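What follows is a set of structures for review.
First chain A sits with chain B, and in the next complex the same chain sits with chain C.
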Partner chain A sequence: MQVEKFYYDNRIVKQFAFATILWGVVGMLAGLLIAVQIYLPAANFGLPFTTFGRVRPVHTNAVIFAFVGNGMFMGVYYSLQRLCKARMFNDTLSKIHFWGWQLIIVLAAVTLLAGYTSGKEYAELEWPIDILIALIWIVFGINMFGTIIKRREKHLYVAIWFFIATWITVTMLHVVNSFELPFSWLKSYSFYAGVQDALVQWWYGHNAVAFFLTTPYLGIMYYFLPKAANRPVYSYRLSIIHFWALIFLYIWAGPHHLLYTALPDWAQSLGTVFSIMLIAPSWGGMLNGLFTLRGAWDKVREDPILKFMVVAITCYGMSTFEGPMLSIKSVNAITHFTDWTIAHVHVGALGWNGFLTFSILYWLIPRIYNTPLYSKKLATNHFWIGTIGIILYTIPMYWAGFTQALMWKQFTAEGTLKFQFLETVTHIIPMYITRSIGGVLYLSGVFIMVYNIYKTVKAGSLVADEAAEAPALESQAQEAHTEKHNKLYWHRWIEARPIQMLLFSLVAVAIGGILELVPTFLIKSNIPTIAAVKPYTPLELQGRDIYIREGCYLCHSQMVRPFRDEVARYGEYSKAGEFVYDHPFQWGSKRTGPDLARVGGKYPDSWHFNHMQDPQSMSPGSIMPSYTWLYENKIDTAITPAKIRAMITLGVPYAKGYDLQANADLIEQAKKIQTGLKAEKLEAGTNTEILALIAYLQRVGTDIKNAPKPTVAALTN
Partner chain B sequence: MKFIHYLETITGVDIFGLSSLTIFFTFFVGMTIWVMTSDKKSLDKINHLPLDN
Partner chain C sequence: MSVIIILLLASISVAALFLVAFLWSVKTGQYDDEMSPPMRMLLDSVPAKEISDPAKVESL
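Then we have the complex of A and B:
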């Protein structure tokens, strides 16, 4: 058999490794800042771009797409080359991929801080960046498939299956969820509205967790764990079941983010059933990982890399057990909208993604720099500080979530709500403080790692092109031919062929997506319309866009669930038909502040005026930041016609030609609010943003009150 | 452009839930049979791939 000589590209691996460290630090610092802001409103610094609502998306996007994203690419570029026994397909594509991804991250940070957001969690980036992401992702895909096709290893190891499934599913999710209609160079409206938007968003959001934070990292686990433990995976059969069952089931589970909401009931139930079934493959994967260490647990005692891996895999197991539990409606009734969700995602982010990334960095950097790790002891210290950090982060958040949910639901003997919303917030502030201490510890561990890796890199020199050799695939063809006649042949038809694997993965994930999404779009009865629900006025629409820009949805939900306490606290529960003109929906996923679905008409304009300027003046003890710039900024009326036209295109029934009339109506409504405020001795500047925001807040959830009440005749018919 | 009220009537939405479960069940059974009947020697060989480089 003729042996070919070739070189692995380690430079690109190094670049992604350094990028994951850099963005990890940035993302975690942003996380720490918002953790402190929650109990110290002064830490918002009174500036638009340092306020919670804008920094929080920077934190989530930086951690998911910059830290884990670069970590994923580091793992893929290292393992794929070796599993394929081939250099990456094209060095230029590798470079475009790397620098393109970093450009996306920088653009994302700048635009998010500037307030350009689509208002959909984890998909906040605006349309030009969405297009750039798609292009760079395709470059990554070509580079990956090119490498697989020119490989010198006949079999595709299971890690590569996970990479392929990741690529195709993220492509599908990104394209479907990013359907938006631009009305300016940096702003757009979601193509979908209300319930449909919510379903697509959480189909995306859940599967972003599944296919960006989980499947690529499972692929990485299946490669690096055997390497670090120096033994093969416990059961390859189990890994195959893990793969297919996981990708097939995950895609259905999105609606568990929308339990008890206005989403049709059948879609909620479907989400619950598939979420519970997910335990099986997830735990199959976790056990497969942990059993790989059978007979090697003595190594775990000494090796910090294995320590990180064991905790990472255990955290994977814990969060994938907890996820299905949280999908059970009765559990979800307690946990949803509380800090429990925050604890849950951080077990995954800090434990699974964070620790697996650190273990790989400790394993990989010394190898590509051809030198031992500078200090094993520092790595062990990092492990312990990080672990204590995770515990100090998550336990207070579980506690806070459970406590707050119980307080929300508490009634007095007289049948009234026992606690004001604000009391349930101030009660859990000690937990918020403890959580930020956990965050500080975790981040300190990362700084120890930065130092350790810096010293390692200094001591060694990069093996940019690592020599390797393997026989060409053609010379192995003869061997394959003889296998054609044995019973394995038909399995190979999928297993060893990347394009088949791609198509099969696409079919597996598309079935779930189609069956889940299509009925909600096609069937009228799923979204009963309410005649009283009308489009927003131009001023309200502008106000809504300010609400989105400031990230209000990150702390305030707009979804009253049909529970006694929520109806008593907020008002009538939300109906699907109320949101048909909401591009995008703003249901939110967390109540750091109270729900706003029925805030319209609840307080006078003057209350909102004072509250947005100095929240503590109206609600002593409130943790909300002030929004003083809204009192100076003028509404951008130049864009109003374009906004109205975009809404008309999306099917919102404004009259034809209304775009030209819109600003006159806007000015008139603003003047009315301004005059009303003046009567209460409050001076609002003409056409200032605060007027638009007040108009929007006073409108939210009020249409349904104007709906005609059913008559006796109608009820008896 | 409008994504609402495309088709006015599709009755029996339950079929979507039922068909989802049926598809998954069939798929899962098929996959399990495939995995269980796979040749152990060949799987072992693939399993050692990460350690061969």
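Then we have the complex of A and C:
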């Protein structure tokens, strides 16, 4: 057997490792800033790009795609080479992948802070960046599959399967959810509207958690945990079974993010059923991880790396138990829109992703630098500070979520709501403060790690190309021959059977046809089922885009669920037919502020004018930041025609040629609001953004009030 | 709700792809041996002459 000598590329692993640390610190700092802003609105600094609504997407995107993303690539590039006994397929592709991904992150941070957002959570990046992500992701794919093809180890270790599933599914999710119609170099409208947009978004959103935060990290766990503990995985068969079960189930669970919304009931139930089934494969993975340490718990006592891994896997188990529970409708009725969800995701993010990443960094950096870790003690301190941080973060958030939900639902003996919305917010502010202390502790731990790794790197020197030896795959040539033969065989089999040939052609054509037809279906189904629902006026449309730009949807939902308390507090529950012109939908997922689905006409224009300038003047104790720049910025009227044209393309029924008329209507409506404000001695500048925002807020949820009441005959039909 | 068609198509085609991958992996004997792969991954393919240096092995 001929032994081949080759070298593992450690430089690319090092680069991804350092990027992981850098973006981890950046993402967590952004998180800490917004955590403080929640109880200290002044920490928004009165600047647009430091305000909660713009920093929050920077936090989520940085932590998911920059911190965990680079962490995933670090783990994949290290383990894949060793599992395949081959260097990465192509060094240039590795470099393009690394630098391309960092470029995406920088562009993302800049555009998000500047207010360019698609308005869909965790998919906020605008269309040029979406295209760049797709390209770099394909580079990663070629590099990964290239390595797998030229491997020297026939068996694909289970971790590789997790990486393959990650790549395939993320590709699909990203392409489908990023379907958008650009109307300028940096802005676009979602191709889907209302309920449809919501369904696509949460199908994506849930699977982003599944296939970006979970499957690649499970793959990484299956490599690094046995390595760190120096013992084989508890049950290899279980790892295979839970892998295949997990990927077949995960994709259907998305609708559990939309329970009790205007999404059709059957779709909600589908999401619930699959979410509950998911507990089996998820716990299969967790138990397999923990049982791997069976008989090695004495090592855990000594080794901070294993400590991190144990807590990471335990947190994975907790959040995958909690996920199915939160997917049960009666539980979701309480937890949804509250801080419970925030606690849930942070058990996953801080515990599972964060701690697993730290453990791998501590394990891997000394190895590629050929030196022991600078200080085991500091790593242990990091572990304890981080763990206390997680506890101080999550417990207050669970408490806050549960408390607030119960307060929202509380009625007096007379049958009126017991608490104002604001009272339920001010009540949980101590919990918000404790949460941010937890965050500080967690971040302090990270800084300890940065120091420890800096010292380790200083003491060692990078083994950029690590030598390894392995025999070439036996009888490779012969295999290639059989494969060729098989291909010929299949083709002949089809050719010799005209009926099969016809069927295959039909399938091929059908796929093409469906791809062409579906967009038409989408537009057709936008024909309103509620006749009173009309497209937004140009000013309202501009106002809506400001609402999206400032990230209002991150604190305010627009979805009244059919519960007694919500109908009493906000008004009639939301109907699917109300959102047919909403590109993108703005239902939101969190109520840090009250729901806005029925805010139109609730307050006079002057209230909104004063409130946006100084929220505390209208609602004392409010934690909303002020939006002073809206009073100076002029509406970008140059873009109005392009926006209207884009909406017409998406099937919104503006009259033909309305794009040319739109600005005249916009100015007229703005003037009307301006005059109304003047009557109340409030000076608004001509065509300022605040006028557009007021116009939009006054329109939200009002169309349905103009609908004729259904007659008895209509109901019985 | 016609968007469900897109989602179903996308989800089912990915599921079909995974199914093909699964059948391939079973047919080509990927799972015939469940004992040695988890053991083998623990061993690093360090070149023979470096293994002879005990100090080196200790550091790994």
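The rule is short, and it goes like this: the second predicted complex is superposed on the first by the 656 of 717 C-alpha atoms of A that agree within 3 Å, B and C clash if a C-alpha of one lies under 4 Å from a C-alpha of the other, contacts with A are read in each partner's own complex, and residues count from 1 in each chain.
As a convention for this text, a residue touches a chain if its C-beta (ideal position, glycine included) is under 8 Å from a C-beta of that chain, and two chains touch if they have at least 3 such contacts.
Predicted, not measured: the structure shown is a model, and the values here were computed from it.
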| item | value |
| --- | --- |
| Contacts of A:Val273 with chain B and chain C, given as first, second, both or neither | first |
| First, second, both or neither for A:Thr169, with chain B first and chain C second | second |
| Partner chain(s) touched by A:Arg82 [first = chain B, second = chain C, both, neither] | both |
| Contacts of A:Ala245 with chain B and chain C, given as first, second, both or neither | first |
| Contacts of A:Arg564 with chain B and chain C, given as first, second, both or neither | neither |
| Touched partner set for A:Lys458, first chain B, second chain C, both or neither | neither |
| Contacts of A:Pro232 with chain B and chain C, given as first, second, both or neither | both |
| First (chain B), second (chain C), both or neither touched by A:Tyr192 | both |
| Partner chain in contact with A:Lys678 - chain B first, chain C second, else both or neither | neither |
| Set intersection of chain A contacts, chain C complex versus chain B complex | 82-83, 85, 153, 155, 157-158, 192, 196, 223, 226-227, 230-233, 236-237, 240, 244, 248, 252, 264, 468, 521-522, 524-525 |
| Touching residues on chain B, where the partner in the complex is chain A | 1-10, 13-14, 16-17, 19-21, 23-24, 27-28, 31-32, 34-39, 42-51, 53 |
| Complex contact set, residues of chain A against chain C | 5, 82-83, 85, 153, 155-158, 161, 164-165, 168-169, 172, 176, 192, 195-197, 199-200, 203, 223, 226-227, 230-233, 236-237, 240, 244, 247-248, 251-252, 264, 267, 367, 370-372, 467-470, 514, 518, 521-522, 524-525 |
| Chain C to chain A touching residues, read off their complex | 1-7, 9-11, 14-15, 17-18, 21-22, 25, 30-31, 33-35, 37-42, 44-48, 50, 59-60 |
| List of chain A residues in touch with chain B within their complex | 79, 82-83, 85, 153, 155, 157-159, 191-193, 196, 222-223, 226-227, 230-233, 236-237, 240-241, 244-245, 248-249, 252, 264, 266, 269-270, 273-274, 277, 468, 486-488, 491, 508, 511-512, 515-516, 519, 521-527, 580, 649-651 |
